[in-house]
């Protein structure tokens, strides 16, 4: 990981500007990426554009801080450069980029943002295509991705009336840490893709609103930068992709504990990162067509994997239950398995001494046709009662769900069914992508407003009063697919029409 | 509530025409609203437009009669003005408004209105945007709003044949009052938004057709104006939002009883009025963009709440079961709880001596994912039989439902399942918004025609013969959500085509 | 029914050409319709167009032969006219009509008609708007109309293999009459609206293909004309709307029996004919807007009833089970009740000695939310087994269904579930509307081809081998309504896209 | 089958260029097709275009090699021609064909093909209309065709975590033959329609990727040509349509066994080939309109049957269980029945000594409303356990399914439920139609990549670990049809809208 301290001039770097010898500058360091060109998951073209030049601005938002040092051998890390000697890269702004910048200027006032959906609408308009593809994409046909949201529509409320709801309190405690609401900011990667302040937007808004941020392994900012951005006493969790190199993992975990992290969420649903075809397709759309062989044959390297897989080759597919004891031996932080998808594994986690599980399918980005977390929650709660006589919510073994949440009503359904709290990811990304820190702050405020109102309407004064009887979830396990339509019949059927204005009729 | 009787000249008022000192005239009274500008739920801009002028025309349709006196302190209520001394406000009519007026002229003849849907179509075309947003909007994603109608589609008929249906009688008795059909006009707010005669349209049509109108707390006309408009012997109910000030509530209730009101419907599903985003969004669309800070930050007052919440701050969120006894002590009117949504609360209402409940989710305007009234009806009837051995319809404890009704068939389903009558709200608003009193009268006539025909087709000569066996409601509790579609597969699938004309084929 | 034999000159008739005195000629007879103008269900305008003239061409397709004599008093039936003295009405052909005629010329060859859907497509293009509205319309929101077809999609096949299906035989016997397939031509009214030969097209094609036609009460041709058109030995049934005047009914029934009719199908689902709004709306669209009062008020006569109700005022809403004995006393024909919609009434019909029932909702044209015939069939068969230990198909008490059938597979599902045969109505109307007799013949041939193939694929050599085990109908009673969609979420979700051609990508 | 060896000059052939005497040349042989013109399923026009000329290029892709000799009598097979004496047919390329060729040039690089859907998208663009219609079409309304894919959406995963999935192995053994994955290339007809190398593309790609190809009876290439194209040791299966002539069938089967075929898949779901209306309609669209009688009457020969039925008249509809013993007597190859659709027939096959069954509905091309193979699999496995106490997968009696598969996840669902392997047909056709051999190879590589990833995500290291508990298929038998929509209500409902850019709002 160490880099040579040789000092190199910008002039010298500038000579290595070809496929034959390709050096680039990132954050003031010089790297020889000649041999890496064909292995770059994002293709060689984008690197060659910066051959002999400073690639920092391009590099930054789409790579975790240590990506380049991880992929290059020590001898390819040539030394430092005096940035004053480096010629600026002339940036030409494409028409598409100009249009995007114009849309940024046209963002509506934050006052007009009424719900979390609105952030997504604006983010889709103001994000770069690359960022939108990375953030929004999911596995295969993205059915699980959408099911995550749809599953909440199978749960309906049974509200109670005539309770004095003058004061409602939706605060709670998560793994011993107070939270202003039963929501935490889930870990999501590559925050700089959406905003220069990336994950720090989340840290600051979490502080303001008293919620807990889960710091991602694949953040655009380094762990310490994010931890440093926390307010005094602000609690954070850590999401961990387990590195094949145990030593690295140990160092990360123990460092996190030292820095006061309050919970270790080990991702267990991603031995390999999913194929996210929107992300992959975006890459091809951005690719130079000249670079493609006329035979229709692919080159010798499969570059069709999108951003997600490009940054995740270090993840250990061999991670297994035996490793859990090792984790327990190196840290006293509560250990939560993130990505549990059936009751059997939740039981195992409980039996092996975990402090909780996140029932999650990774935002629909991993296994297509994995069930939604909220559906698995119902199964888990039922089976824990049946097999261990345990009820939820439960201080000692906490259940979390994530995926598809857009409204406080979604969260309240999960709470009624036994969840301690719910993780929300993409909506907060979309919030900072469109409005930075203030966007995230507004998103959290919207949730608070929704909690206040909906708890009143439910007849619950605090989260303890949000009980199973308040929801009807008996349809949760129904995976209904309509019989394909009879297109001939449908095309013949002429729709009913309502009354028409006279002038309209006159024109018919 | 009293206003000073000082007489002020129009000239004097006209001086106070700025943000620094802003007086307005409403119904011949002068108010100093300078301090109120930033608190006005509808924003300051609309008030400033009338600074120093007569705002009555703008004020009237969107405020209950006493809104201004409720919000201003006594010293801000300055006195009366001689209207002859007031300069008329020059009204400039926007292009959009001209187009709307033109559409009003193009309304089809009432003869062409075939069903209640038609009124909605026309109303959407001839209402102001503000009125349409307020009337049509509902909570959050408006899923419960639409579910209210959709739920009726899960109930199918089992009609009987070969009964002599020469004469059919669909009249009934509601809380002891005769009604020409098992339908009453439910309470809805702000009638003047749709038509200058507002709620009086309903009063007059109810008289003509022998149905009962429920007078809303938030009517555009005062309670006495509406009661005075009733024909001799015409029965009316009162819908009550309970004021935090018990004295006010008591005065309202006892005054209603004195004026001959036959039933008190206490709204219990609205400790806080719902967020209706269409309504809120409309407000922003009408707002002056210059008034919005360039930072995207909101001002110090949250004005994003739409008409509904603007007019409802007086409602008591502390209302609870203990208050019920108090109501029973101050009135002999039958007390019905409006907004019950599960059997437990219906049982409680029964046990505590209420005369009935309205199974309702407030037209989908309060708690999103509340179940439809018709679904709750099935649950309530089942549980009353099981737990109290009571069957419905029942004179002593009457069940009502509202929400989503558009056809007499919908009503007959509710009656078959045990309802005494069904409340219909929005369709009558749309009727008077498009055709005034005659619209409501036509709407009621359409329902009567539908009742006559459909009772014949059901084989029922009177409502007693509309029995549970006539409906198949076994699917009522199914909240089915289809698995999200496979968009790639679907985009590849080429639809079947039917035969084509020769000329069409020739062009292909 | 008798008309005065006075002979009147065309010149005399021509004088009565105004609203004050309006005579018209139909089939050489002169009628004074002055007093009838405001009662005409089709409006006065269309009559006044022919005031003093010969209205036969306009009258013919939309009235049963005796409509005019039924509605007028004897003294209004003035006598005969010498047609040579009558001036021809100048017919101006509208642009819409010219376009329709052009479409008629552009009909594809019958070879290109591959299925029954195709006839509907062509008919929609070549029928007059009036005819299309009358034929295609159904009750209220036309949900039952479409459910009739959709219900078949809830039934799936369990075919058998490795049976020698070299020869397959799909002939059967209906009420003792041989039929080449388990299908009969159901009664539908006003055939001349679609084709000058009207119902006779059906008679002739039925003869050719060995199927049975059910003659409708409301045919455009008289009963005897249709019976006369039958080939020697050709069997026909009679559909009966029961007239309030028992004597008329008796005469019709006994005349039919004398003429060799083999089955009497008494319609029991239409004490009043349904509101079919497409039909009603079409009438208004055709109406002169000048004729509508500017106040939006309707006139003193409700003319908004469409063709269906215009022609059915004679139907007896008092018909009941007691009348059944009377029918049994006046005829020996098998009596089948058409329009039974629950097992209770089917049992009653059986117990009272009927020979069968048609499980039907009148093509969705009567009670909205009536269940489909095929769904009721499953209920009836189950309950007859349970309560009477009777199985189907059954010679002594035959079950028929109609509604929504478009394919032989639909019919085979009904047969497997216990039906003796299935009635098909609209598809044959569409067939003759687009291609006359040859269209109907082709439609029948298509069904035969489909029967042959699908019985082979089912592994059934004859209809006896089409057994209940060959279908899976366990979903038949599911009336599923999807939870209303989350439009905000859906509008944000960006669909997956497949690969694109290079040129397409280049344009993006 | 033998042809006369007479040598004929091109000049002589050229004289017979009319309807009166029509000779054509195919593969150097001369045929007198005068009497066959009216019987040609593809119509006479296309033959007359080549009257007196060489028709080989037109003939080849749409006929199995021996089609012409099968249909003509020996005396109509006139002899050989010296091709040097034959004038070349001038080929005029239509605009549509030019556009198609242009689209071929614009195919994206194979690198951009991310999934099997992509091949279909490209194939739809680059295939001739005729080929697309033949390949993509299915029976009747194509509901079963689409249900095949949709049924997989009713099955969801229950993945396991924390298993060491560093190495995953998805290889298996099918009828004793090793296969790199639980997928085989199913038999599909007329490969040359899509690519000159037709089925050979499949053979070569199967060799490269270690999967098994099932050779179709109706291949464009002869059986031996395909067998010869196999690599040393490459295993293949044979799909058999049983010829009415037992001697032919015997010769085919025994020849296949001699050539080393490892499994005989007898098609049992096609006693008659299905009506595929897209295919039929395409034929009419290509037909000369002048050739159609103006009366709309069809000619004396029904030519409306499409390619499928044109080539299948030899199939024996009398095939039955008794023939099975005969097959067992003439070959030692494992015998698998292809097209079993209920447990009763699967049991029968087992009891009669078959080695397996393919649960299939022939890609939706035969009986409409046949259930999907994956649904039947659940039934079969359940009933075998119940009635024979046999579990699956099972070496001695193997279950296969086909239809609707597009992803490795689909296959893994089938494997979890008991299938040994899954047949994939159309996707491979689309792969070679768009990219030839390399397309098929890429398609197989995509599946391998998907298997690797999804087994990791499932927590299964080999196929034995893909167990029933890993799927939730409890909805598999649900054939849900939504209640038809209320079009009036829906047209009135105004969708929610998200936030808008300022400029957009300004334009409203």
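We just call them A, B, C and D in the order they show up, numbering each chain from 1.
To be clear about the criterion, contacts are C-beta pairs under 8 Å (C-beta built on N, C-alpha and C of every residue); 3 or more make two chains touch, one makes a residue touch a chain.
Protein names from UniProt, one per chain: A, B, C, D = L-lactate dehydrogenase (cytochrome).
Bear in mind that the values here come from a model prediction, so they are computed numbers and not experimental data.
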Given over half shared residue numbers means same and under half means different, the subunit A/subunit D interface is different
Most remote chain w.r.t. Subunit A, using mean C-alpha positions, is C
Distance in whole angstrom between the CA centres of subunit B and subunit D is 59
Taking each chain's mean CA coordinate, subunit B and subunit C are separated, in whole Å, by 41
Multi-chain contacts in subunit B, i.e. residues touching at least two other chains, fall at 107-108, 112, 114-115, 117, 120-121, 141-143, 146, 153-154, 277, 281, 478-483, 486-489, 491-492, 496-499, 502, 505
In their shared complex, subunit A is touched by residues of subunit C numbered 115, 117, 120-121, 124, 136, 141-142, 146, 149, 153-154, 277-278, 281, 285, 289, 406, 480, 482-483, 486, 488-489, 491-494, 496-497, 499, 502, 505-506, 508
The answer for subunit C against subunit B in the complex is residues 103, 106-108, 112-114, 117-118, 120-122, 125, 140-141, 143, 268-272, 274-275, 277, 280-281, 284, 292-293, 296-299, 303-304, 317-321, 323-324, 337, 339-342, 344-345, 348, 366-371, 477-489, 495-498
Per the touch rule above, subunit C residues touching subunit D in the complex are 107-112, 114-115, 141-143, 145-147, 150-151, 153-166, 407, 409, 413, 435, 438, 442, 449-450, 452-454, 456-458, 469, 472, 474-475, 478-482, 487-488, 491-492, 498-505
